[in-house]
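Order as written gives the chain letters A, B, C, D and E; numbering starts at 1 within each chain.
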Amino acid sequence: ATGDPLDPDTGSDAPDDTIVVGSQAYYSNEIIAEIYAQALENAGFDVDRQFQIGQRDAYLPALEGGEVDLFPEYTGNLLQFYDSETTATLPDEVYSELQGVLPDGLTVLDMSPATDQDSYNVTDAFSQEHGLTSLADLAGVDTELILGGAPELEERPYGPRGLSEVYGAAVQFSATGDTTVDALLEGVVNIANVFSADPRIQTEGLVTLEDPEGLFLASNVVPLVNAEVADDVADVINAVSAELTAEGLVALNVQSTVDQVSSEDIAEQWLTETGLLD
Amino acid sequence: MNWVLDNLDLIGELTLEHIRLSITPIVLGLVIALPLGWLAYRFALTKGVVLTFAGVLYTIPSLALFILLPPMLGISFLSELNVTIALTLYAVAIMARSVADALASVDENVRQSATAIGFSTWRRFWTVELPLAGPVILAGLRVTAVSTVSLVTVGILIGVHSLGYLFTNGLQRRIVEEVAAGVLMTVLIALLFDVLLMLLGRVVMPWTRGSSVPRPQREPVGA
Amino acid sequence: MDLFIDAITWIFSPERLEGTNTLPDRVVEHLYFTAVSVLIAAVIAVPSGYLIGHTGKGKELAVAISGAARALPSFGLILLLVLMVGVVRVSLAAIIAFVLLAIPSILAGAYSGIQAIDRQAIDAARAVGMTEWQILYKVEIPLGLPLLIGGLRSAALQVVATVTLAAYVGLGALGYDIIQGLNLRNYAQMLGSAIVVILVALLLDALFGLLQTYVVPRGVTAGKLTELRSAPARRRPVVGVPTEPERG
Amino acid sequence: MIEFRNVSKQFADGTTAVDDFSLVIPSRKTTVLVGSSGCGKTTILRMINRMVEPSSGTIEIDGEGIGTLDPVKLRRRIGYVMQNSGLLPHRKVIDNVATVPRLEGVPRKQAHQRALELLDTVGLSRGLADRYPSQLSGGQQQRVGVARGLAVDPNIMLMDEPFGAVDPIVRADLQQELLRLQRELDKTIVFVTHDIDEAFLLGHQIVILQKGAGIAQVGTPAEILAHPASDFVASFIGADRGKRALSIRKSAGNDLLVDSDGRPAGILVEAAAE
Amino acid sequence: MIEFRNVSKQFADGTTAVDDFSLVIPSRKTTVLVGSSGCGKTTILRMINRMVEPSSGTIEIDGEGIGTLDPVKLRRRIGYVMQNSGLLPHRKVIDNVATVPRLEGVPRKQAHQRALELLDTVGLSRGLADRYPSQLSGGQQQRVGVARGLAVDPNIMLMDEPFGAVDPIVRADLQQELLRLQRELDKTIVFVTHDIDEAFLLGHQIVILQKGAGIAQVGTPAEILAHPASDFVASFIGADRGKRALSIRKSAGNDLLVDSDGRPAGILVEAAAE
């Protein structure tokens, strides 16, 4: 009986010689996790998949508790989770700071060039109409700005408050959750918080507003591992990270959402193409 | 459709998981409800307590209960245990009432004549009252089964896997078939349980064949 | 337990009254969705229920339909409809879902209310020369009212519960703070809003409970109350007579 | 006068409840249909007020075929009393009695006035007027049922085992009550029972029915007792068990009449003046 | 012999069902308790097998006070037949009949064998043995009830309106059946009814009861008919309504016996040989 109900409890404790790979309840993250898993299996490891373990609140303690060994993460959001006050924004700052704040027993391997981070997007039409290309332009826009995103965005540092503090832009907030992009397209909101790797940015021709002041911290894909197994898996996983580019990640997401391919197949295909399977 | 065909193994896997998650609460619910129901049937005081408790419990929305239990029991919010306990509570809420009604539904004449021809109280309960209460208890159990099966899906909101996974994942990926498959399978499992229990009833209560079995005491619960 | 204290403080902190949608707003929103859905459902289910109950035709069908409908997972149903109706018309999709979920209990309440009436009374009413309409509104409706209210009660609570889940697709209402709290790992907020939801549900239940006892025709409560209550005809009504609130 | 001509009734499920039934029911007399359970008594009765439609054959009331009449109107001018009174549980006694007049549009006050009088007629205290049926004893409920039947002062009263559910003492009272009413109001009463003694007590004309409403014998009680038309009738009225064959046995200065089992049935007295 | 000595019963809710009741019930005879509903018949009957505990007074069977006996054992040696047979719906006919012997530990085969014989005794085809009670007619259920009562071959049989629920024809058969059984097995039968005719038919000793089980009269049918002890008795047996005062009327060559209302009750014959 612990005090904090948010402590996890992903029952199964896999035998030590197997690597437990986890993933967020986010299809893109699951694909990366699946890639890790298959790469490891190819390298002769036994792998136990604990995918879709909800939110960070759920799985980070599980990693700290050693129930999960390996987990695809994002430098920025992860750093923010441990140190919400952080001022770092550039990829390398974030990465190094992250290594500092990680609790004992947890470490990160090389970060991948692929990023999947919060970004604010507008429709092409809207950007034309108001000459919008950067968050800095928002302050000048005369029409009422409505920002759409997951409910929690309302409370995030880079949320409405961040926008007005950093860019002096006053925006309404509307919780659009998983349906943010659609809301943007339908004009229910005119600014949408979308992950940069979301294929719909391209498919729907959205304009991602630049972030000169670094409101968002860069968020590269990074493998979060249990220190004990870090060395064993480092070679295999670092190789994967090196191959995974921003565009590559988007492509993977396209296969999942547009072509509706399952993460197993996506991962296998990518690994073969990149010649990581032998 | 093609999504379904491509993901049959995933669906199958989740279906089994779903069934596993459903069974514990249903069984526990029945076992715990038997004594409670008997109390509710036997004494006016306990009747008030049990039925009120059941009624209140029954009114609590599932998501709210998932949140309410952990701090009270000191268990993990995100655990399967949380879901199992919550659903068991709901099951007990339904079954306690059913068992009470069931025992009350036993024909007083039969009870009297059993006593008159020399059944001891204890023996009468097990060999006469309980069997005769069977049909009504079964009806309640069928309701419980259906409601539990659909409630399990809500667990996905706190990361407990079931067919509910297809709901959230399907929404993220905009795959209608995926969500539809989840809904359909859930309904199918519910109906499967319902039919199995009905058949079970036929087997263990042959005398009810033909004559109409009493209907559920209350609405099955959607979740 | 201090978590509960935090939750209570969350509920009563002044911030709950600030901003665009305050806690009271959310409560109203929640009740609004409930009321609208139950009303629509009633408009559909009550007449059909009465038709079935009065004619005795189509009962099997009704039972089958509502039986299957009850197996529907409300959460999944909402998400499905959101995807089909279109993600920006969330409230429309949600309301459709709520209505679908509310119909079975109201239907059952309406027809079982009539079916549970002593056949003799109805037969006699016809024999003394009441027209079918007169039988319906002078005999069947008044005597069936308690079970109908019971059905509405179940439906309302079912919807209250489901509205909470609908926050996942951005419907707002009281579920909003729960979902947000979930992702912000703010347990006080989750627990606080959960408590409010529960209070709303209990309150609604109590109201319907009162109403239900209030509409029981005097003659039925009067006199041999126990006899009437325990008469098999009444204890074994048509399938799914809503004697208890539902919940999703 | 009510006349059945070759009436048959087959129910949807195929049971033939009434098979080619013909009978003339005289006006202002009590005709009793008697027969064991399931023989079709209720069905015949309910065909008179079109609660059941004959499959074939015709039924006439005073020479007018009822097939063409509006059932609702027809029912309102025929009194109907059934076994467990069939009162509306959610209406007070007085409103139950006043039901039909109110349907006919009689003003409330007036209908209630009449209802109160009817309570007197059937021997109920007016104090019960504001009770609900569930607050009355079985016998009282029956009386209310009769009062309701009389409310529109119909020429025809249909009574389906009206006293079947009450205990014998009360039943005896109700039977006497009915005899009195019949003397006072003389209606055309069609009475259904499966108690032969009740039939003999109440009926001017007795109709003994077999399965499918086959008529075993029609006649006055005396005729039937004296000359049972068949073994069925004999056994039905108990003649075969000697229940009706009484012989005299001297006992304590009385002429005790005993049946062939030696069970006393009564005492012999001088012909009572009538 | 069963003896009641100043027995009273007051129920928890205050109703005094039996008030200072004393009676001797002779062995090997049929004693009928008759009285209108609620007068205490069932209560008295149930005190004999301790289904109801007297509030005061003592009850003895063959001189042995039953208060000290183990109720369960006591009940197993006393046959009990109730109105709606009270069969166990979830057991087949044969198992119902064999219930008590099985409780007593008689081996299954043997108990079933005996049960089959009992079915013959009560005139039921052995073919019904494997049916469930719900698959039998009311009359058949009653017979099974009687068979079950006889299963342990008890000296005492308690019967509470055993034929109250079946239709008159069947009832007549069952009554004859019981008379036959009594002649064959002669048990001490305590029989409850509220039908005075049934009482006269079956009873060697008739006990007419008033509210609170007050004894209005005890005696043989003949005594009671000849000399009703009170107006209550007179009205109860119908003497006041002239139902028992029969007079002769010549009709179609028969001597018709009519009551004082002129309703025929039977036909006069020469004393039947007994």
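Rule of thumb we're sticking to: a residue touches a chain if its C-beta (ideal position, glycine included) is under 8 Å from a C-beta of that chain, and two chains touch if they have at least 3 such contacts.
Bear in mind the structure is a predicted one, so any value in this text is a computation, not a measurement.
Shared contact partners of chain B and chain D, listed by label: C, E.
Common neighbours of chain C and chain E (chains touching each): B, D. On a Cα centroid basis, the chain most remote from chain D in this structure is A. Each of B-E and A-C has its own count of C-beta contacts, and the greater count is at B-E. Ranked by distance of CA centroids from chain C, the top chain is E.
One finds 87 Å separating the Cα centroids of chain A and chain E. One finds 30 Å separating the Cα centroids of chain D and chain E. Annotation: 20 Å between the Cα-based centres of chain B and chain C.
Multi-chain contact residues, meaning those touching two or more other chains, do not occur anywhere in chain D. Contact with two or more other chains is made by residues 71, 77, 158, 168, 171, 174 of chain B. Multi-chain contact residues, meaning those touching two or more other chains, occur in chain C at positions 3, 82, 168-169, 179, 182, 187.
Inter-chain contacts, as defined above, occur between A-B, A-C, B-C, B-E, C-D, D-E. On chain D, the positions that touch chain E within their shared complex are 36-37, 167-170, 172, 176, 179, 194-197, 200-201, 221-223, 225-227, 235-236, 238, 241-249, 251-252, 254, 256-272, 274.
By the touch criterion given at the top, residues 107, 109-110, 112-120, 123, 128, 131-132, 134, 205-207, 210-211 of chain B touch chain E in their complex. The part of chain B that touches chain A in the complex is made up of residues 2-3, 6-7, 10, 70-71, 73-81, 158-159, 161, 165, 168-169, 171-175.
Within the complex formed with chain C, the residues of chain B that make contact are 54-56, 58-64, 67-68, 71, 77, 90, 94, 97, 101, 104-105, 146-147, 149-151, 153-154, 156-158, 163-164, 166-168, 170-171, 174, 176, 179-180, 182-183, 186-187, 190-191, 194, 214-223.
Across the complex, chain A meets chain B through its residues 1-3, 5-9, 11, 25-27, 52-55, 57-58, 178-179, 256-257, 260-262.
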